[in-house]
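Presented sequentially are two complexes of subunit A, the first with subunit B as partner and the second with subunit C.
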Partner chain A sequence: MDPGVAAQYAFNGLMLGVIYAMVAVGFTLFFGVLDVIQFAHGDVVMAGAFVALATSLALHALGIAVPALVVIVVACAAGLAMALVGALIARYLVLPLRAAPAFNTLLVTLMLGSILRELVRLFYPNGSNPQPFPRLLPTVSKNLGNFTLRLDSVILLVTGIATIVMVNLVVRRTRFGLAIRAVAQDSDTARSMGIDFERVVLVTFAIGSALAGIAGVVYGLYYNEVNFDIGLLLGVIGFSAAVVGGLGSIYGAILGGFLFAALQTIGSVALPVSSAYNNVFAFAVVIILMTWKPTGLIAERPSERA
Partner chain B sequence: MRSHIAVAAAAFAVGGVWLWAFLSTDSVWLFASLIVVAVLAFAFFQRFDAAGRYRRALATRPRRAALFAVLAVAGVAGGLRDQAYPLLMLCTVLLFVVACIGLNIQTGYCGIVNFAGAAFFGTGAYTAAVLSAHGVPHLFAIVAGGIVAALVGSLLILPVLRTRGYYAALVTIAFGILFSTFLEVNSALGGPQGLKLPGIDLFGWRFNRDIQLGGASASFYVNYLVLSLALALAAFVFARRVERSWLGLAFDAVRLDETAAATFGIGIARAKIIAFTLGNLLCGISGATYAMMQGFIAPNNFTFGESLILVSIVILGGIGNPLGIVPAALVIIVVPQKLQFIQEYRFLLYGCLVILILLFRPEGLLPRPLRNYFPESSA
Partner chain C sequence: MQRMMLTACAFALACVAAVPSMPASAKETVKIVYIGPLTGGNAALGLGGRNSADLAVQLHNADAKAKYTFDLVKLDDQCKPDIGVQVATKAGADSSIIAGITHYCSAVAIATVDTYHKFGLPVIVWGAVLPAITYGNDYPEIHRVNGTMINQNEVNAKLVTSLGYKTWVIIHDTTDYGKGHDEYFTKFLTQDGGKVLADFGVGADQQDFTAILTKVKELHPDVVYFGGLTPIGVRLRSQMDKLGIQSQFEGTSGIVSDSYIQALGPIAEGTIAFIDGAPIEKLPGGKFFLDQYAAHHYAEPPEAYGAYAFVAANLIMDAIEKVGPNRKAVTAELAKTKDHPSIVGPITFDAHGQNIVPIVTAYVVQDGKWVVWQDSDYAKGKRKLAGRK
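So, the complex of A and B:
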């Protein structure tokens, strides 16, 4: 294969990987503090993209056209709105179901996901059709042989990685991150040490969902299009990435995200059959990986989870 | 005792009338009031345990209970005999009940999560389509649908045995998506256009012919209703027998505590393999029958979303109780169809409805009762 084409595929794979990793980190954070899977997470990404779209249209209507300012405002709006949504989900759906079987949380959040999807489809103007997402980033590009390096993609890649690193720093280096890790390790002991359990859970959900909202903005800016139904597959892929990496581990989620993107890219380029089989290939490899490493690549600590 | 049975029979009759009205009504107000009546009756029985003694009386006479259920459905079928659409809905509910009883053996009894129910349902459907296109007798095609689904499921046995909890959930989710994507992109099985199937022909009994008896006529869906009811009853009796057997005890032990089960000499792998295979077998059989009833199948009948519908029915009914599956299947399958009058808002309302049920009844509509070790003496 031509090195330029190969580089193009690799770069596209990296972009996908960043988006998946951002989604997967949310899954893994939620699992850490509450041992639950919030399955509406993929639809939170979608909702974030739509909030960003609406904000950019509003700014346009107000006549604000400084691109850098618009991008920052849009990303903040999506992040903050989704942080609020995430905290509300935790407060009113996930925490009340703590005593119920884990299955129920799964089903309730799945239903919530379809509610979010329906809300956007029904109440966003013309929401049942794909919406064009404005190009807010400079589209200068540089050709290196067959490889086109676009400035906007580079900015998105760097932004995505930077947000993940920031979340990781918050969890590893701050006092609040210490509280999150304490709750993740043993919520009862953490409580007895004076940690406000509910606040930790709510803020963790807010952080994870804000990350999802920004992932939605990255998605929109990269594909220049968003649709109300992108959430389900994004959610499943993010979940797969988090699980393959090892639930509860941020590095695992990042690894899983890039791994899944790599599998999809390999599936669409290097397989002898049609590139449409890329998801079949990726999910088949996921099943094989799970058989080989039943608790993920970066294994969960060996204590029995009840 | 006898009077209790009589009351229970009357309850089945009332239930039949309710079901008939529920399925056939076109009026918004009648539909809404039927729902309200059902909710009130349910709340009443829950509050005062009024149904308890009748249920126990029936529980000691399972054949009688089955007879009442058959009579009630037969009555409903008689009432609906020329209305094809409600009959089709009822058949769909019964076939989904079969598939969900299968999932219930996996999830409810043995604790194996399966988010690929639609994939095994679809395996059965596609097997039936391919076999019937090659002129295989239809009864055999339906049975083969179940067997092929069980065989395909055996591919997943190793990963399912090695993983737990959410990790196991991912294995089945990945398989479910893999399956529907595969159907979508391959060309041998019709791709996105799907496949056509002939109507069932059992030893010269052609299911797709309207029934003429004397002067009365009935829609041909009555044929399918008879078959689906027979399948549902068989699956139900089968699940109950499994539950009562040593195998069922082993399943419960494995679900509740694998380590403890292993120390008592229960073969965990064996129990899980049996439960998983039995469940997939039932999914496959119901999928094959469903495909032949519909006459047409396409990949988007067997997506991850459909698997979620199957899982929702099991959870909503009360995990582990095959009896709960019936009302749950009615809610999940019929309600969105009947909510046509609110047009596109129906999925929104339906999602809210399921969330509310789970918030206020986390154990499901009919939670699984404690295992009754001495049914004879409880009368």
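So, the complex of A and C:
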């Protein structure tokens, strides 16, 4: 294969992968602290994208047109709004259900996802239709043989990776991250050591959801289009990526995200059958991987399991 | 005394209601149904069709000489076959609905033909182009005012090969609609000497096409042909741009909509697509239609197929005026349609209920508008399509 074309495949895959990884990291964080699965997470990504879109339109209406400023404001708005949504979900849906079977949390958040989706569809003006997302990043491109490198895509890729790295640093290197990891290991002991359990849970949900909100912005800027139902598939893919990588492990989620993107790319171009089967192929491989390694590619250390 | 008057009035009204065919000063109201995508990615076209059908009904109701007053029931098929069958069943099961102006999306129109036949509800398709909708069955209930994809792909292949393009990559959605376009375009293109380098099927709600498009880039086709509807057309064109693919982009009647241009902005420039029939403003009744449409202040534009929804509504209302609100009689009356005057030219249904439309019009996007090919700067040589010198 032509090296330019190969590079193009790799770059497309990386872009997809970084979006998936950002979603998957949220799933894994939530599972880490509370052993719950927050199934509305994909729709939080969608909500983030719509907050960003609404903010950009508002800024436009106010006459603020400096692209760099708009991008930063838009990303902050989406991140903060989703952090709040995440904390609210934790406070009013997940924590009260702690004593109930985990199955209930899964169902409740699944329903919450439908509610978020329908709210956007019904209340965002013309919300049933795909919404054009403004092109806020510089579109200059460089052709290297068959490889076209666009500045906007590079910025998005770097931003995505940087946010994931930051979240990882917070969890691994800060005092608060230590608290998160303590709660993840053994919440009862952590509590007896004076860690404010509820606060840790709320902030963890806020961080994971802010990441999802920013993923929504990256998604919007990359595809220049958002739709009320993008969260559904993103949620399933993000969750599968987290599980394949090893639920509870951040590195596993990242690995899973990129793996899934690679599988989709291979499914689109390397299969003899129609490329419409790329998701069939990717999920089939995920099923095989899960049978082979039920605890994920990067399994949590046994001591981390509650 | 007053009481007696009231009773008399009530009695008179009851008589009118009980004997519908009795000529009375108060007109009988007849329900007809409009079905199209009112939400979802193709909603712009569905809303344009709805407004146009509504316009026909309003103009008809304003006519003092008409025997009936019409009530247009509007249903949303969301461009999804399963939802389409549901609403078609709803319309079919409601015996007060006499006829329907149905469907923009081919996948929905083909899924619902059995339903209409089962309920004996006469319908006129106003926008779907899959040939099998009329030609794939012998149901007397199904008619269509617009042309089929066979004609448009034939004209398409002729035009683009005449421009000197040699190689194509075909991308189509995997619904009956996309597969139909794929089949007919491939057939006519090969006849006209074009070469298909690769053929990709994509999901109708797929978001990411970068992998497929990278493969397209590797193949360096002169033209990328897309058989599908606006939402994916927008994504493909946008992602082609992201990957720096220089090929000419062309589509079918499925992407001829204002929302295609609106979503893409300057990238839409130079896209070619085709529509059955002539552009509305060039038709005999085009000016009348557009003037009336403007006078009624609809929020959305009529879009490419609005005129056909208008004509379908008129055909149905004319038939009901003639034979009365009876599904069987209307079906029989519609079958006789021959050289019926309309704003898109005379309508004649063949044995399958298909209007014989001889004209196909090519369009190209120029300065943010769909411009008739022959009138465009591209045809006149003032501007160049991708890869042409």
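What we mean here is this: the second predicted complex is superposed on the first by the 302 of 306 C-alpha atoms of A that agree within 3 Å, B and C clash if a C-alpha of one lies under 4 Å from a C-alpha of the other, contacts with A are read in each partner's own complex, and residues count from 1 in each chain.
We take it that a residue touches a chain if its C-beta (ideal position, glycine included) is under 8 Å from a C-beta of that chain, and two chains touch if they have at least 3 such contacts.
Just so you know, these numbers come straight off a predicted model, no measurement behind them.
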After the overlay on subunit A, what do you see for subunit B versus subunit C, clash or fit?
fit
Just checking: does A:Ser192 make contact with subunit B only, subunit C only, both, or neither of them? Give me first, second, both or neither.
neither
Cα-centre angle that subunit B and subunit C span when viewed from subunit A, reported as a multiple of 10 degrees
70
So in the superposed three-chain picture, is A:Ile115 touching just subunit B, just subunit C, both, or none of them (first/second/both/neither)?
first
Looking at A:Thr148 after the superposition, I want to know if it touches subunit B, subunit C, both of them or none. Which is it: first, second, both, neither?
second
Partner chain(s) touched by A:Ala276 [first = subunit B, second = subunit C, both, neither]
both
Look across subunit B and subunit C in the superposition and give the shortest C-alpha distance you find, in Å.
5
Overlap of the subunit B and subunit C interfaces on subunit A comprises residues 274, 276, 279
Please name which positions on subunit A make contact with subunit C in the complex.
1-2, 5, 8-9, 12-13, 15-16, 126, 128-130, 132, 135, 141, 143, 146, 148, 150, 153, 223-225, 227, 229-230, 233, 264-265, 268-269, 274-276, 278-279
Applying the document's contact rule, which stretches of subunit A touch subunit B when the two form their complex?
31, 37, 93, 96-97, 99-104, 106-108, 110-112, 114-115, 118-119, 121-122, 232, 236, 239-240, 243-244, 247, 274, 276-277, 279-280, 283-284, 286-288, 290-291, 294-296, 305
Within their complex, state which residues of subunit C touch subunit A.
39-41, 43-44, 174, 200-203, 205-208, 210-212, 214-215, 217-218, 231, 234-235, 238-239, 242-244, 259, 262-263, 265
What does subunit B use to touch subunit A in their complex?
107, 113, 156, 158-159, 162-167, 169-171, 173-175, 177-178, 181-182, 184-185, 304-305, 308, 311-312, 315-316, 319, 344-345, 347-348, 351-352, 354-355, 358-359, 362-363
